[in-house]
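Below are structures written as structure tokens.
Shared between the two complexes below is chain A, which has chain B as its partner in the first and chain C in the second.
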Partner chain A sequence: MAAVMQHASAYLERFSSSQAGRDWEPKWLRERRELAMERFLRMGVPTPRDEEYKYTDLRSLSDGRFLLSPDEPGGHARPAHLAGQRIAAACGDSLAVAGPAPPGIRLMSLSEALVRGEPWLEDRLASVASFERHALCALNTALFEDGIVIVAEAGADSTEPLHLEFGPGRVARLARVLVIAERSSRVTVVETYSGLGEYWRNAVTEIHVSENARVDHVRAQLESPRSFHTGVVQAAQERDSRMSSFSLSFGARVARNDIGTRLDGTGCDCSLDGLYAVRGHQLVDHHTGIDHAMPHCHSHQLYKGVLDGNARGVFNGKIFVRRDAQKTDAVQSNKNLLLSDSAEVNTKPQLEIDANDVRCTHGATIGQLDADAAFYLRSRGIGEAEARKLLTYAFATDALDRVGVASLRERFEALLLDRFAPEAA
Partner chain B sequence: MYTYKYRLVAAWRRPGTQYTMSTAVDPLEGLASQEYKYGFVTDIEQDTLPPGLNEDTVRFISAKKGEPQWLLDWRLKAFRYWQGMKEPTWPNVHYPPIDYQAISYYAAPKSAEDKPKSLDEVDPELLATYEKLGIPLEERAILAGVAVDAVFDSVSVATTFREKLAEAGVIFMPISEAVQEHPDLVRRYLGSVVPPSDNFFAALNSAVFSDGSFVFIPKGVTCPMELSTYFRINAMNTGQFERTLIVAEEGSHVSYLEGCTAPMRDENQLHAAVVELVALDDARIKYSTVQNWYPGDKDGNGGIYNFVTKRGACRGRRSKISWTQVETGSAITWKYPSCILIGDGSTGEFYSVAVTNNHQQADTGTKMIHIGRNTSSTIISKGISAGLSNNSYRGLVKIMPRAEGARNFSQCDSMLMGDRCGAHTFPYLEVRNKSAQVEHEATTSKIGEDQIFYLNQRGIETEDAVSMIVNGFCKEVFRELPMEFAVEAQKLLSVSLEGSVG
Partner chain C sequence: MLRISNLHASVDGKRILRGIDLDVEAGTVHAVMGPNGSGKSTLAAVLAGRDGYSVDAGSVTFRGQDLLDMDPEIRAREGLFLAFQYPVEIPGVSMMYFLREAVNSIRRYRGLAELAAGDFIRLARQKIQPLGIDPGMLKRAVNEGFSGGEKKRCEVFQMSVLEPCLGILDETDSGLDIDALKVVSEGVNGLRGPDRAFVVITHYQRLLRYIVPDYVHVLANGRIARSGDRTLALDLERHGYRWIEERSTALAAAGT
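What follows is the complex of A and B.
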């Protein structure tokens, strides 16, 4: 906090200069941005004294140097061979939306939507993801320059994944995505984050799932090993809607993902899953939050982590069951595999339950590779390194089964295998 | 091995009160009116300090007890720590701010100035209080075989069976006496597990602790009987600040019981105790608690604030500390009996049943800190919430980098009775060694209508059915209690939850 206060003027300067260039924006958004900036300055970049950031130290970001510094030149790194033909890429200073959208899906940049004055924006943008108590979400809200909007029109059924790529570049630094699935629609969105060098990406994705709609969201964080990645994915679900989220986190030096959904109607279903595999001095932190605000909803969470080297994994899964949210069925599991003596896991599966007719379970395990299984493989002529790799792969792969898009799952499996290739290879 | 033939302290039992489980009242409606059964006040002339806390208060308490200089210095140091500390706000409990200057920090029955040597010398009014509570003190001396270091308010008034224990070499006495008789032992271990600077309430306790128990089991001795202490908060506006210290030397064994009840009050009473356990090589300490303090009335008025720091250090190899607690009382419970597993191969255990009803709030759990190699810990926590209460489990399992081969299993289950109560789980798992195996499981459930229906159709009344199901839910913990304690605990649970099913 103190550190932020030191740099408050720098943040403010950046804010006022960007506000100045945005006089075309609607009044409500300008007001929201101002409120968000005020909130950010009050909260500051979180420190480990903040319970939600107990294990994740972001203090080195507080001077705002990544925000205020000029862009790194060049680097248009793009992860190859990821599924999805429709690509909206935010690599440079502007957004490029490539290809015609599939039927029933509208794909546009946020500025375009704002200029057109789309009437639904005010209700959705910067309102699904609350910035009241989330400093980094507030910062993004105050400063984002542009973003991507995906609208699935009522009844649209698109199983073809829409792929959003966020590479380096100014616009992508404060990535902003808004997904709106109208009544009885279906849409699959894949976000990929990658880059080169040292930078801080602070991304926010808001997802509104209307009645009986379905959104499948996949997020692949493959950032540069020197970067900081902080991301928020927040969904709001209406009755009988379905939402799935998968978070793959392999990159970044420090990655923090806040993934949550609010079940605002009865009969909702959601699953939040993820896989993190880190090594070296990486830190990956997932905070999930499922807010069972209404009865008769189901939620499922499976997060698996593999930690090697001096890496640290953090998981905090919250399940809130509000008063009268009866018949809630919530399952949460976090499993971690430690491959080295200096790796560390901090996990906190948290239940807060205020209704009685519910079934909530959570489990967390932390362990190492099974020595017996490794011995078995070796007795069958498989070398030690290969056996380790196989067992690690076997541990992680059932999390990948939660990825619905087959082509994507294959790509992730390949990435995973690469990751556990014996060091010498 | 311990034998269980002794009649134990039944703090919640009162002669003439029947705890038969079937009642004529409609079990679904009429039972919420169950009032606290032990709310009565004994009028004893108190030697009480006026409310307020400053260095002079600390000096007064110390002087009153004729303490040596080192202890006074220790208290003053703790007091200065406390002055610089803030009351913690992180527990999931809510209460109006406590005015620490409005509390009286010392109350001793007059007769304590001249300690009684036998029961005849004990204030008859005190004895009458014990009678009311159903503790047959005289009887117990002959029949029960349990040495009771009864803390009435702040000063211990009667200790039995000291001779028998002395024969075995066991020291079991009020800590204020131990300071006089065994100053070296007390000085060596006091504050070594819970240092005065540990937390806000521990610092407060260190500064103003009035009395408590001191237990020392010498090398190789198995304590010949279960040790039991009995607390009761009596004087109005008097916080109780007990300090318990148990030291088990190499190869010794001890089982210690603690059971509580308190009279009915309108004001909230603060209780900030500190319990320290030290287990050396191959020593075993089993610490069992039944806490049944006044929980406040059904509208949430009154009740005890129970902010306790309990911690055990397994310093020796293969040492073992086991905490068992049945928490049914207090308006607010805030306590985390913990184990620091330093010695290689040491074991920590925590078995807990926490019941909250009406407006009670409990934030309880444990910490298992694995430092030595091949250390293991087990956590079994059962939380039952009813009425408008909130019950939180908060636990930490920490495996340090050098704790090769550490093993932990945690299970925390919650049961919700009624749709206006809350159950919360905050387990922290911090693992820094790959050879560790850590497992945590938690479930939340309610008593199924089908289960009750099944028992009903077998001719078991709803009230009994609930009691049966709840006791089944808690069985894993109850079986850790000394046998008679377990029987009482089951009854206590039924009483605590009466009227909460519907």
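What follows is the complex of A and C.
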């Protein structure tokens, strides 16, 4: 293996020692990991010279120290339980899957699925999320230790959210999730990420949505304010399927999320939505990608951001409409609220349209709190900080409306209000 | 209750109020009239504490305290209420939530227990009914998509819930049809009492038939050019502002 990357040694060392202990893994996975490691070493941790990472500086991650180091001592403050059944938690060096699963849903650890030799794994694992051109996805693929697999069996209809909780520890640093919704099934998955101190988490979630199935995916990134969070969520959709993704990003010093779906069949529907709220010196970067490969599909995107202090936001929304994807309907919107003069946002839609009979719209706004509205509230006796909080909440509320699970939406509202509460202002 | 002495104020370096003197005693209603651009809304905004106005001279005391020294929310909690000429639309904030927050901010300031949601709803329903507003409005976002008339009624509704000591109404009658005007006037009259005062800014004598003022003042070129009783409003209706404006320009030119 040709190591062209600087600082490769720590990664290589971890890789070799892990591979050595993985002789039980199927050959196809071992090969995929080899390939992924090679790809990662060739590409390296992205730098701002890379157009895709122009505003997001990950250079301090290049030597792998924050990813591979053990956790800082100190008890892990578990995030308040968000919603639904906590079915899996990755903490420390292991992963716990707790039953009982709702009817029609199978959950297991990835290692368990591999040991059992589930026949569908080879087609789905490390294949929906391509690591060919994505260094961080490649890194996760090469190194992940275990993960969580959710299978919604054909016809299963489960709206109760399944909650995957990722805390500190070796396994969770390289979180790996695989969701498979078989024909005409429905499943709701919530992932939460949190930790303490300085660390880097590099997570990958793959979602396969079969014909006429529906997956609702929610991701709550509530990492420690000193941490780095990079995450990939990639879905592949068959005909007549629906998929929704909601990304809540409040934590981490630097957070980068790549969220995408490939519409591989006709009549698909997807929505990629999110809310980010950052302050201090935080940076949050969302790159979304919707690949309209087939006709008659709809995509909808609403990302909203609230930025205070010296925080920085990045939004890049790619929409590809392939030649065959006639009658595509794609809507994208990114709206930002700057609460301070030194906060900043870079937002960019990126549309590549090769079909001619399509409707694609996009819009981006960056604004400040409406001074007239703030004065109106204050003139009724509402304090300045409270007025600011109320208007911030009002700004974000239609994004939060896109979270389908009511209990979760309420928790997110409370988290948002806390975040810009008077003490923090 | 309110004492304005020699108040000068400007916006963006432009002098708008040029020496206002006005005394408002508890239990009285003062009408303020005057041509467009004479400074009526500016006076209201300065009293309510809106940003962007600089007070260049003079003083205002409200119930014995320096009003100009207070933040807008403190003025409201001390009992001042401004019904806006152009109420602001606030998408995403429900009328109900907004008004309960307002009531409770004021109650907290005064050391009273907060109103629970149920009690507040009862209070709101009771106050909204005589104003002929559909209670469904409480669930809507503040002023969003309200018609001009609905916004004005809603200002009076807010005032009747907050029960201020001093209500300043900036052209609350504009845009109201005659029935709405009656209803709104009754709302204001219902609040009149020995401990309350009102400053009613209007262009129309019509309103003053329903809300009968104790005094009428005419603002021109940033000063009170003339004060009188309610018959002054009738004179204005007959002769227009011209004769008063001419007089005040002459006064300004003479440097008084």
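The criterion applied here is as follows: the second predicted complex is superposed on the first by the 410 of 425 C-alpha atoms of A that agree within 3 Å, B and C clash if a C-alpha of one lies under 4 Å from a C-alpha of the other, contacts with A are read in each partner's own complex, and residues count from 1 in each chain.
One rule holds in what follows: a residue touches a chain if its C-beta (ideal position, glycine included) is under 8 Å from a C-beta of that chain, and two chains touch if they have at least 3 such contacts.
What you see is a predicted model; the values in this text were computed from it and never measured.
Asker: With chain A superposed, do chain B and chain C clash or fit?
Answerer: Once chain A is superposed (C-alpha atoms), there is room for both chain B and chain C without a clash.
Asker: Based on the superposed arrangement, let me know which partner A:H362 touches: chain B (first), chain C (second), both, or neither?
Answerer: Only chain B is touched by A:H362; chain C is not.
Asker: Who does A:Q350 touch here: chain B (first), chain C (second), both, or neither?
Answerer: first
Asker: Tell me which partner A:D398 touches in the superposition: chain B (first), chain C (second), both or neither.
Answerer: Second partner only, chain C.
Asker: After superposition on the shared chain, which partner residues are touched by A:E51: those of chain B (first), chain C (second), both, or neither?
Answerer: In the superposition, A:E51 contacts chain B only.
Asker: Once the two complexes are aligned on chain A, which partner has more residues of chain A within touching range, chain B or chain C?
Answerer: Of the two chains, more chain A residues are contacted by B.
Asker: After superposition on the shared chain, which partner residues are touched by A:E34: those of chain B (first), chain C (second), both, or neither?
Answerer: neither
Asker: Considering only the touch criterion stated at the top, classify A:L390 as touching first (chain B), second (chain C), both, or neither.
Answerer: After superposing on A, A:L390 lies in contact with chain C but is clear of chain B.
Asker: Quick check on the superposed pair: does A:D123 touch chain B, chain C, both, or neither? Answer first, second, both or neither.
Answerer: The answer is neither, since A:D123 touches no partner chain.
Asker: Quick one: is A:Y376 in contact with chain B, with chain C, with both, or with neither? Answer first, second, both or neither.
Answerer: second
Asker: Report, in whole Å, the shortest distance between any C-alpha atom of chain B and any C-alpha atom of chain C after the two complexes are superposed.
Answerer: Superposed model gives a least chain B-chain C C-alpha distance of 15 Å.
Asker: So which positions on chain A get touched by both chain B and chain C?
Answerer: On chain A, the chain B and chain C contacts do not overlap at all.
Asker: Touching residues of chain A toward chain C in the complex: what are they?
Answerer: Residue positions touching the partner: 370-373, 375-384, 386-387, 390-391, 393-395, 397-398.
Asker: Which chain A residues qualify as touching chain B in the complex?
Answerer: 51, 323-324, 326, 336, 338-368
Asker: Across the complex, what residues on chain C touch chain A?
Answerer: Checking each residue of chain C against chain A gives 48-51, 71-73, 75-77, 81-82, 84, 87-93, 97-99, 101-103, 105-106, 109, 141-142, 158, 162.
Asker: Which part of chain B faces chain A closely enough to touch in the complex?
Answerer: 90, 401, 414, 416-446
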